[in-house]
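One chain, subunit A, links the two complexes that follow: it is found with subunit B in the first and with subunit C in the second.
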Partner chain A sequence: MTRRRSLAVALAVAGALAAVPAAASALTVYGASSLRDALPALDGSPRYSFGGSNTLQLQIERGAPADLFLGASPVEATALYKEGLCTKPVTYATNVLTLIVPASNPAGITSVGDLRKGGLRLSVGAAGVPIGNYTRTMLGRLRLTSVLSINKVDLQPQVANIAARVSLNAADAGFVYVTDAKLAGSSVKQVKLPTWAQPPVRYEGCVVKRNGADSDGASAYLAKLTGTPGRTVLKKYGFGLPKQPKKK
Partner chain B sequence: MQPLTRRHLLGAAGATALAAAPALAGASPALAALPTPRPTADDKGFLTFLATGSKVLRDLYLRAGGTAGMSAADRRALTALAEARRVAILKSTGPLGGDAPQPGDFDSVFAASDLADRASVLALAEKLERLLCGVEVNGAAYAADSATRLLIARLLSSDAEALAVVRGLAGKTGTTGLLGPVDVDAAGDVLDAYLSSPTAPQESR
Partner chain C sequence: MTERARRAAPVTLLVTALAVVVAFLAVPVVALFCEVPLARVPALIGGRQVREALWVTARTVAIADGAMLLFCTPAAYLLATRRFPGRGALITVLELPLVLPPAVAGVALLSAFGRGGLFGDALQDAGIVLPFTEWAVVLAILFVSSPFYVRAAIAAFETLDPVYREAARSLGAGPWATFRLVTAPLAASGLTAGWVLAFARGIGEFGATIIFAGSVRGQTQTLTLAIYDLIESDFDAALAMGILLVVTSAVVLVAYKLVAWRRTRPVAARR
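Showing the complex of A and B:
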């Protein structure tokens, strides 16, 4: 980890810790950036902290006061589980990747293969962030990893930033989840990516284990998210849903 | 000590060569250990496509057994073709490790007309077998890792046989001619028509 990132995490954790007394009774949910609209729509009462799943994981490892972690991939929740910092992860949503371009599409991009032209402004998730990892897997499957070196690539720590940059015409194209494309509305156009090359995007979450955590509240929230209320909201915001376990 | 002469040296060399000859004759290059594929990020595109395409073909063969007009011999051939595809999936996903497509990632979807009768099943099977062979010709030439190229070439040799079998069932000559390379982009467009992602968001299916 770089010094700059260590400092950023330390500051974020310090900030989070300092904020505890003000809202000690509220459930604290750490959620992936792509959930920034869906989760408050499900329940407005918790205190939410949205960001890149890997950054949130790191904050929890450093003792941040999260009660529930909801990531955008299985990697972070699994790591926390293996470290004894949370319960067994649960899959609660799915997603797919898409390529977005500004509504005016100044670079004239109509397929992912157009990124081979080079010299374009491309916004991509940083390696280690779920959206960045998924994007790299997909580009490998499409034999297009070279687009990360022949274009002017800006690396973003969370998917919301990518959608914002493309919406504002600060990038010619960016890889995001379809849910982010939906949130961006008419400011962007979607360029569909091949189905066969889509990596499985599974969102996993877990209840954080730490002294003073509101485990009951976090478990109740997770049950709500994976139950009918949560599935209804997630579907409304464009997420896919995992298959429900068969009732015995 | 006896002086070392040219005759001694030649005699020793000949004896060594004769002693080594049987051992060399028994060491066929085909028995050499196969190198382990270490696909680069872009090489994984070939293997992922082949694994997903093989799944679609396997599903086609498994479902086609019930198609009208299939004889018992046809069904035996389809079972053998499905088994060959199962092996191809294992061979192509092995080197991908955690990046390999998983069984639940995709469902194969076929139009009713694809499975309507024996002729339509065999036409689709030939189209998809030929598609995979084309991608394998491409991969055998352009994969960056030599062991991955070797694996793809081995898959090609097996899949060209499958293509010949399908053509034979359709009453065509078994020979396929020189197969040309097919780009993964173009092949993906064809394959996508037979794929759906069961847990993907509704709007993107």
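Showing the complex of A and C:
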């Protein structure tokens, strides 16, 4: 009886162990946090890992079994390419920065200049994550870099967290992409930023090179993303599109 | 001030302190249940991402706990029943993950098994990829939760009177039969208590997992990671998962209390 029970336990453990490698066969796409709704809408079958592009880059450098990397700037894909960890990067989308405030706008912010009054709870991308780098570039152009020191700044590792903090009223304002403002819907209000201060926001991705990678599946996904199906979905979610699906 | 009033004053202070502590610890949990209509919880948990996270959590915790019982029980038995030089130091090493911040555990696992890490390259050459896979979740859970079990198991084996073991051996039982028929049943409730603690720590794992395993939906995204992922896009789903974890934790805690209660009873009955 006891022996039979321990045999059953052993079989159950072995079965559970066997089930894990079998689950690892789907195409694995590592995507920038701002793509978290657009990519599953394009194709629901791959496994997705969304995060800050720089975090995903680090994970791939550390041996993460990704097949396709889709970043929110050229920096990460280019670095992976130079390290021989992926193919030549391809531009597949563009984006625009915006300032969002909670729908109730507790701090009464109507322009980016209002951040100069200081003491506000500001949610900003950490240095290194694309949204953080873009935000700093833009604030530099506006000569408003000081807003990062005179306000209570909360640094986030990915853009989704910034949108979350503002929509949950945990921040008075935050810098995100227009696509995030669109996803957050009526829980936030947008404060337009001057067009001349906008940095070019180019999304680049590449097919990961590693032993056992599903390169064919990744290439097919990338072709779909840069082709008509991808462009339709990206446009629907508010992304800009590169002129043609052109190679860098 | 009368004698009675003087005595009552400290009691009032104590009761006030207790009320503050209870309110502080209970209010967030109560608030969680108030925030989302409970009738919608089953529907929310039925969503794809939540279902996948639930399945990932169940599978990884099951594997980790299976491996933990398999390896840590004999290891704890050896440490509890033998005295040898360096034993104390060895136990301290095994207990270290208990006091290690989970984020540090994640970085440590990455430096051990990630590409460019201590064993990462050798594993990669052998075609084994651990970081950011479901195995990474299992390893992270094992790393942070098994010390709870090891500690409890050592304590459970140590409190056993060697007389039972010696009696079994003298009656002709081999070492394996002695362990299976005498030692293990006597230590069972202590082992269960340790397992319950390790299990609770395992399903709540977050820090080491997000660093060492990432947050791949359907593969490494456990319930706690899914809460973090969904908090902004689907706050209600995050709340529903929170409720699921609160209920699981409460069941585990009650089970632990029952085990502890039963453990104290038979000992008294035996005397």
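Methods note: the second predicted complex is superposed on the first by the 223 of 248 C-alpha atoms of A that agree within 3 Å, B and C clash if a C-alpha of one lies under 4 Å from a C-alpha of the other, contacts with A are read in each partner's own complex, and residues count from 1 in each chain.
Methods note: contacts are C-beta pairs under 8 Å (C-beta built on N, C-alpha and C of every residue); 3 or more make two chains touch, one makes a residue touch a chain.
Note that the structure is predicted; figures quoted are calculated from it, not measured.
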Once both complexes are superposed via subunit A, do subunit B and subunit C end up clashing or fitting? fit
Could you tell me if A:R47 is touching subunit B, subunit C, both of them or neither one (first, second, both, neither)? second
On the A-aligned overlay, A:G108 touches which partner chain: subunit B = first, subunit C = second, or both, or neither? neither
Thinking of the overlay built on chain A, is A:P242 touched by subunit B (first), by subunit C (second), by both, or by neither? first
Once chain A of both complexes is superposed, is A:Q198 in touch with subunit B (first), subunit C (second), both, or neither? first
Touching A:R143 in the superposition: subunit B (first), subunit C (second), both, neither? first
Check the residue A:G63 against both partner chains and state whether it touches subunit B (first), subunit C (second), both, or neither. second
Should A:G84 be classified as contacting the first partner (subunit B), the second (subunit C), both, or neither? neither
Under the stated touch criterion, which partner chain does A:L183 make contact with: subunit B (first), subunit C (second), both, or neither? second
Please work out how little space separates the C-alpha atoms of subunit B and subunit C at their nearest point after superposition, in whole Å. 21
Dual-contact residues of subunit A, meaning touching subunit B and subunit C, are none
Subunit C partner contacts - residues on subunit A that touch it in the complex: 2, 12-13, 16-17, 19-20, 23-24, 26, 28, 36-37, 47-51, 59, 61-66, 160-161, 163-165, 167-168, 183-184, 211-212
Any idea which subunit B residues touch subunit A in the complex? 41-42, 44-46, 48-49, 52-53, 99, 101-102, 105-106, 184-185, 188-189, 191-192, 195-204
Across the complex, what residues on subunit C touch subunit A? 59, 62-63, 66, 70, 110, 114-117, 120, 124, 127, 129-135, 138, 180, 214-221, 229, 231-233, 235
For subunit A, which residues count as touching subunit B in their complex? 94-96, 98, 113, 136-137, 139-146, 178-179, 182, 192, 194-200, 235, 238-243
